[in-house]
Structures are given as structure tokens and as C-alpha cells.
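Just so it is clear, A, B, C and D label the chains in written order, and each chain counts residues from 1 on its own.
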Amino acid sequence: MKKFVNKVDDMLVESLSGFAAAHRDLVALHLDPNYLTRAQKPQNKVALISGGGSGHEPLHAGFIGYGMLDAACPGHVFTSPSPDQMLAAAEAVDMGKGVLFIVKNYAGDVMNFEMASEMLAGENATVLTSDDVAVINSTYTTGRRGVAGTVIVEKCVGSLAETGADLATCKALGDKVNQRTGSMGVALTSCTVPAAGRATFDIGDNELEMGVGIHGEPGRRREAMREADAIVGDMVAAILQDFERSDHKPAKGQEILLLVNGFGGTPLMELYLLFNSAAKVLEGHGLIISRSLVGNYVTSLEMAGASITVCLLDDEIKRHWDSPVHTPALRWGR
Amino acid sequence: MKKFVNKVDDMLVESLSGFAAAHRDLVALHLDPNYLTRAQKPQNKVALISGGGSGHEPLHAGFIGYGMLDAACPGHVFTSPSPDQMLAAAEAVDMGKGVLFIVKNYAGDVMNFEMASEMLAGENATVLTSDDVAVINSTYTTGRRGVAGTVIVEKCVGSLAETGADLATCKALGDKVNQRTGSMGVALTSCTVPAAGRATFDIGDNELEMGVGIHGEPGRRREAMREADAIVGDMVAAILQDFERSDHKPAKGQEILLLVNGFGGTPLMELYLLFNSAAKVLEGHGLIISRSLVGNYVTSLEMAGASITVCLLDDEIKRHWDSPVHTPALRWGR
Amino acid sequence: MRTEFILSAAAAIQQAILASESELESLDREIGDGDHFINMKRGSAAIVDMRSELADLSPDAALQKIGMKLLSTIGGASGPLLASFFMAMAKTAKERETDSLAGIAAAFAAGVDAVKQRGKADVGEKTMLDVLIPVANRFQTLTATDASRDEIFAALKDAAQAGMLSTRDLVATKGRASFLGERAIGHIDPGAKSCQVMIATVCDLALDRH
Amino acid sequence: MRTEFILSAAAAIQQAILASESELESLDREIGDGDHFINMKRGSAAIVDMRSELADLSPDAALQKIGMKLLSTIGGASGPLLASFFMAMAKTAKERETDSLAGIAAAFAAGVDAVKQRGKADVGEKTMLDVLIPVANRFQTLTATDASRDEIFAALKDAAQAGMLSTRDLVATKGRASFLGERAIGHIDPGAKSCQVMIATVCDLALDRH
């Protein structure tokens, strides 16, 4: 393992400190318990708090700021943060209109946020994101994982919260965006958790992991490496099949947001090639790509690979996607 | 080599097509010869054109748009574009106030842009960027390479051009920013040029390449891997030593822009850790980090590694850095 | 149950976890995200580090503090689960005697119940509960008989071992391994393994102390 | 010089470049950026592809077109240099006869001069000029003597080979290898190698055609 690190145990705090220093106009770092907030506390809005294991940067701290999150709780690499962080963050950012937790659906994250929610005195609610179609949904299991679609949820709910909407309305929009969003990921290489010091999984020079999770969890199947169009074809098909099974089968002419998300180790050149390929397939299905985002937003350290996310837009989602946002990692309109 | 690619020969055009589709509000792609322009042609300003080998994305096409470039000419991966591209781009974007080429100082880029400049009927000038302090400057050699500092040059000159400044004034600012900017890079792994299909250089599991170029060119020396603070210490020392030898030795209290640039395969978490480390060293020298940028801006495909860039600010540079910019890869203020 | 025993157990558990590094790490790498050993190492080190703070507390207060500490240091799935275990155990220990093995067994069972509730899981889902539930059951059953102390702890070790091994052939329906479907078959659950290691360690300690 | 010969030379050069793949690639990987083979392959393929367009042109027009084509297909450092070579050679070929070897030598020398100007480089800087300049000099010198055709082409091959080998011990002061300082010593310059390969190929062809 070669990484830019001093002592592995100090890595997270040193990185957070660098992040806070580089973006001190936007965010403030609080240590022990660790959480980050906006540099300037807004007023009279629902407080949005997200969090999760580190190693997915810029998620979540990179989305703190006007039009998105109020706070983020970073856990150790790939390990859910703990309730004390969420409680401290909630106390710091609650403006009296309640706290909305945005949580990716993993047993660890869910349970830690759940405990925080139970311990929290103030009004609060939770949106669970679960956009990963690699995991076939089933009522008796943990359900689907939350992956890159989380960014879209955070952006849209962030926009709505900024208008002064109440907690229930914010939660409802979050749930809606989540339900209308599907993602599928593929890995070409593994990542290496710094504290583990070796690759999370072994993968051959001519293999790919279809449906990989953002922590390097195994996916649907190990496959032989193929050309990009074939890989993308399968990824998009999985997303569309999932929509077909849902309450909102997209009709022809449905507008979508297409997000091609890099896992950290894939050059932008390849991400744009994937976008090109995915756009063709989706347009072939009569969908209209009216919004797009390409880049590294929900990463798995240095993993080579990418995910494709499709969000079925409606006027409300579109309006909240387009509204101004000013965070370290996503900024437009101001 | 595992990459998201269909046919290697089609990779560049497919990637450019995806880029243009994802950012169709901002850029337009022209093929054969290949160049990209702003989607809407502005009026009555010096036209800024950059270009170079592909594989450094988002450089340069990612910086097309309001407040930065008017056009970019992408070559094959790590191979300078050719004069026909520059001529076509110049013809498309010249608004009658002349064309300024911003060119990274590599023999290939310099000669190709030089031939374009000679062939071009209209008024034109060139800013050569050469911020890489890894290469000790010397009058009889090719001189220093242009690396991540190029982004700062493009941003500042882009801002000035937007005000209607004339060609000579734009060139003068570009030269000034370049002179006041120093960069130093380090690689932990090699990149793989798609058409070559194998790593550009071999590097051991416990080695780093200090002073590496953005095409994987060897640097000052091969070293044993060390902790981040030690690596950063040497990088910053090289930059400061270079300033010491220049006409603008920074005094205590000098404001700087600190750019930590990833080469493509380094997680954001590590880039922020490097920022934290570099900021401490620079502040220890009495410099004031008044502007900062952290991310993958001038990459070497999927190379793991990063560069540190210091730009000595003055009021003019600061003003042009802060002014609104709206491009695919850099956006603020609008 | 005495606080001194709790502290000895914590120290022994830390050593046992460290000794299981490669196994725990590879199990979670195979069907999870590879951090379970690191999480357990961090958690057990935190408890050993607060040894002096714990020493003067009553057993239930010590268990409660251990639970709170695990809650804020482990994170992940195992953090809230183990924390819930210790906090529920503390609650029962406070409410009733834990001088007898039957009392300890009841507190243990309360802890396991809390894990079930927190994890919304039960036996057969390929989690730590496949170790915890059978051990809790066996513990309560045996302490209601006239089985000897030695027999009881030996039986608990066996139950933990059997429970741990039982996870190998299961499909997971909870936790990260549930995303794997059939591909999880053939791999032991990391949380089941670490629980088995901890239980075996404490049983050995109890047998030694005899 | 006849256009037919130029076309045969282009085809032979393409084969020779392809046959040198691993050597050219590793040389540019060692002291450059690893693309020199790809650049030369792309350039030579482009010329062979335009064979039918070239066939009916005069030799000077064909050379000019080859130069333009290389300019827009190779890119990198070698693109403008080789393009300048062919365009300057075309210019001289148009202005004077190239039926004699002396005429060809003069055109070749004009091409090399253009490379010197474009690259702002001279002999001893560890570039393709370390092959081109000695070959141009030898070509002009020998065509002014009564050396036989065979002797001349054999001598040019030798000069190219010697020039190519001479780059091994040089520090580069131009091109990408100049960034390497002392570390470039011990490596042959890729552009020098490809020029040597091309010159040897054309000489062999000329000897064959005898």
C-alpha cells in the first residue's frame, strides 16, 4: 500500500483539517466527536445532517453549504460514524425546525443513526437512500445500498430545506427522489483501506466486478473484462429493469438526470466515454437526458470503476436540482 | 491494462463526445480537426486558446467557458495537438481582437503551436507556462515544463480577457502569473497510455518518483516511500528554493494561492491531507494562504500522485482569480 | 460478576482479537468491507485504555460505561450492536444479582435480546446472533440445571463454536453480506467469528479463575 | 527521385516502424513519455493510406503533401519536425533537379536544416538531429566524390547507425529527455532511433533497386 499518510491513525483528522482549511469560507470542523458544519449557521430551516464512513469523498462533507447539507459526520474509513457525532452535530445545527438525517442504507449507518435519533431530544426524521439496483430488493433483507444517488437526494432536499419547508415535507421529497433513482456500479480494481493495508478484494487483470458496492463489497457477479459499451449496456439495463418493477415505469419522453460517478481511480476521460455510451443507450430507450453530472462524487478511495445513476425527473426535482448550491464539491448559481 | 474503452483508436472522440454532451450548455465539439469552443461565442474580447495532449482532463477543455478559455485543442493522449486544430479553432473563435495561445512548455506543444502561429493570418501571441520547478531552469535547454500552474494562468488571463483587455495586456498577465507560480509533483504509481497498453514506468511498491512530469516523465530522483509530511516538506522546499533564485523572493506575509492537484488516482482524502501538510510548512515560512484549490485539475490519466503549486499573489492576480468563472471544471460567482 | 473480572476479560479479549487479526480481516474482506478486525481492535483497545476509570465502578456501571464507549469508538454495524449488548446487560445487572451464574446468564440474555432488537435480526441470518443466541439459550438452560461451572463454560464454548461454524452455509439476510446473495455461502460471518472468539476467551478466563 | 520510389519507401518505412515497436516504445518510455512508436505508427499509416492520392503527383508535390499530412497526424515533437523536414525537402526538390544523388542530397540537407530551425537544436543535443545531421553531411560529401551508389547508401546507413548510437552517452538539452538531466545518459534517443530505422530502410530500398 502506497498512500500519502503520516500515521494511519491520524489520517482522518489530518485530512479533515486540510479540508476545513481549504474551504474555511464554507465549512467548520469540530473534533471529538468529529463533525463538520457550515461556517455560517443559517436560520429557520430544517437542519440536514448526513454522514457515513470516510473514503467516499467528496461525500458527505463536500456537500456542506448553501443549498445542501448543514452538517456531516465522518466515520473512520468505510465505517459508519457513531451516535455521539450525530448528536453533537444535531445540537450544533438544529434551528428549531427539526433535524433530517440523510443516511445511506447500510446496517451500520442505519443502526448508528437510529440510536442517535432515539437519543435526540428534538424533532427529527430520517431519509434512507437505497438506490443501488445491484442488490435485488427484498422485504426480509437489509434492502438496497445507498450509493451515488445520495448526492441527488442531498441536493434536492437541501434546496427544498433552504425555502423553509418543514421536516415532513423535506423527508417526503427525499424519499421521493430516492425512489425515483437507480444506480449500478462496476469495479476494475479494488481499493485499499489504509488501516487494513491491503486490497479489499483480489481481481484479475482481465476481470471486472459487476454491481460492486462503494466499499468494495462484491456485486452481482465477477465477469471477464469487456468493451465499455457492453459493460454500460448491462449497467443501464439493470437500472431500467429495476424501474420497470417499480411504481414509476418511465414512459418515452421521460426526462432524466444522468450521473456518471467515478470511484476515485478512473480518469475523467473514461468517465466521459461512459457518459457518451450510457447516453446513447438511454436515448435509445426514448429517455431524454435533460440534466447531467460527470465526476468523482461518491468514491471508494482509489478504486478504478464507476457507477451510472439515473434519476427520473419531474418538475419539482428538476427545480430543486437546478437551484443555487454553494458547497466545496458542487457549486452553481452563486 | 483495464480501461473503460471500446476501440482504443475511438477513445478520444468518444470521450470528447461525452464531454460535449454532458456540458452542452457550455461547450461545443468540432471534429476533424478536433477542437472545442464555448457553446455561445462571446464578443469583442481576446480569444484564448489552449490545448495539449489528452489525458490531463479536465485540462484544457474543462476550462472552456465564461472567464476562462474560448477554445481548446485536444491531442492524442499525451501527444501535442497539431497546427490544423489550432488554426481551425482560431478561425472559429477570433473576435477581431487577436488570439492568445496558452501553451505548456513541451517541445512538441511549443513547435506545433509555433507553426500554427506562423500560419495564422490574424494577430496572435503565446503565453508559455513553465511552472514545474522539478526541472532546474537553464537557458540552453528546453526549460521548465508547464504543469498544474497552467490552470491559474488560464483562470487569470481568462478573467482579464473578459474585461476587453487587449492582446498584449493579456499576454503580459499570463507571463506574470507564470513567473510567480511554482509547482512540484510526485508519483506513487505510473499511468498507462491506452494505446501503449502498459505502464509508462515501473515503480516499486515502496518507491516514489520525486519531480515526476504530468506525462509520467521521470523526475528529479527515485526515492523510498516516506511519510506524507516528509514528502511534502521536500516538495515545498523545492518550490521555495526556486522562488529564492527568482526576482520575486516572497517576503514574510506574502499572500499565496495553494493548489494541491491530484494526478487522477489519488483519493481526495489524501489530497486534503497533503493540503494540510503543505499549509503548515508554508505558514511556517511566514506565507499566508489566502486562496486555495484542491482536486484533480491537471491529471496524468490514473496516476497516483499529486503536485503542489504555489502562486505568489498580488492584488491583480487575486482579483482575477476571484472573478466569476463558469466552465465545466471550475465554477464560481455565477 | 466482579468488575475485576470484567477488566481481566477486556484485556484477554483485546489479546484474542489481536491474535485473530488475519482471520477476522479476511472474513470481512470476503463478504463485507474488510474493516471488522480494525473495528474490534479499536473497540477493545478503547476499553482497555479506560481500565483505571472502570476499576472503581460497580459491575453494572462498568458494563454501562463499556457500552457507551463502544458506541462511540467502534462505529459500523458492530458498534451499536455490541454497545446495545453491554448497555442492556448493564441494565439487567443493575436490576438483579449477578453473583450467580444464573444471574449472569440472564444479563447475557438481555444483552442478546438488545442485539436482536437493534439489528432487527434473529438466528439463521448469518450474523453475530448465530453465535449469541445459542450461547444465551445454552447459558440459561444449563444454569437452571445442576451442571458444574466447568461443564457450563465448556458447553458455552462449544455452542459458540457451533454457532460460528453454522454461519458458513447460510445466505445472509442482514448486514453487508446480505448484498451478496448466494455468493456469501461458504464464508463464515466475521461478526460471528469475533463473538465466538470473545466468548471462548471469557469462558477460558472463567475456567482458569475457578 | 521518382514518386513511385517515395511510395515504396513509405510502405517500407511503415513496415520497419512496426517491426521496431518494442524498441521505440521502450526508448520513449525510458526517457520520454512512451508515445513515440504510436506517433510514428500513426504517421506512417496515414502516408501509406494516401498512396493513391500521391501516386499521380510530382515528387516535390508528393513530398509537400506528405509533410502536410504528417503535420496534422503525428502531433507531439516529432510531428512538426518531420513535417518541416518533408516540406523543406519538397521546396528544394521543386526548385532544382533531384534526378541525381547530389540533388537528392541537397534536398535532404534542406530538410535537415528545417528540422534544426524548427527544433532550435543542433548535433549533440540527444535528438533525431544526431542522426539527421551526420547523414546529411555524409550524403553531400559523398555525392561530390566519385563514390558508387552502393558505397554511398552503405555509408549513409553507417552514419545513421553511428549517430543513433552516439545519443546514448549524451545528456539531452532539447526535447522531453532534457528534463531528465544526467538520468538520460545510457539511453538512446527514440527520435534518433526512428530516424535511423527510416534512413536504413530507404537506403536498403535504394540498394535493392539498383
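FYI, contacts are C-beta pairs under 8 Å (C-beta built on N, C-alpha and C of every residue); 3 or more make two chains touch, one makes a residue touch a chain.
Just so you know, these numbers come straight off a predicted model, no measurement behind them.
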item: Neighbouring chains shared between chain C and chain D, ordered by label; value: none
item: Chain of greatest Cα-centre distance to chain D; value: C
item: Distance from chain D to chain A - Cα centre to Cα centre, in angstrom; value: 54
item: Inter-chain centre distance, chain A versus chain C - centres from mean C-alpha coordinates, in Å; value: 32
item: Centre distance in Å when chain A and chain B are each reduced to the mean of their C-alpha atoms; value: 29
item: Multi-chain contact sites of chain B, meaning residues that touch two or more partners; value: 77
item: Shared-contact residues (touching 2 or more other chains) in chain C; value: none
item: Arrangement of touching chains [line / ring / star / complete / other]; value: line
item: Contacting residues of chain B [partner chain D, same complex]; value: 33, 53, 75-85, 106-108, 111-112, 114-115, 134-136, 140-142, 145, 193, 195-196, 200-201, 213, 215-219
item: Residue ranges of chain A touching chain B (in the complex, touch as defined); value: 2-7, 11-12, 14-19, 21-23, 54-55, 57-58, 62, 77, 188-189, 205-206, 208, 225, 227-229, 231, 260, 264-277, 279, 289, 292-294, 296, 299, 301-302, 304, 306, 331-334
item: In the complex, chain D residues that touch chain B; value: 25, 29, 31-35, 37-39, 42, 71-81, 83-84, 118-119, 173-176, 178-181, 183
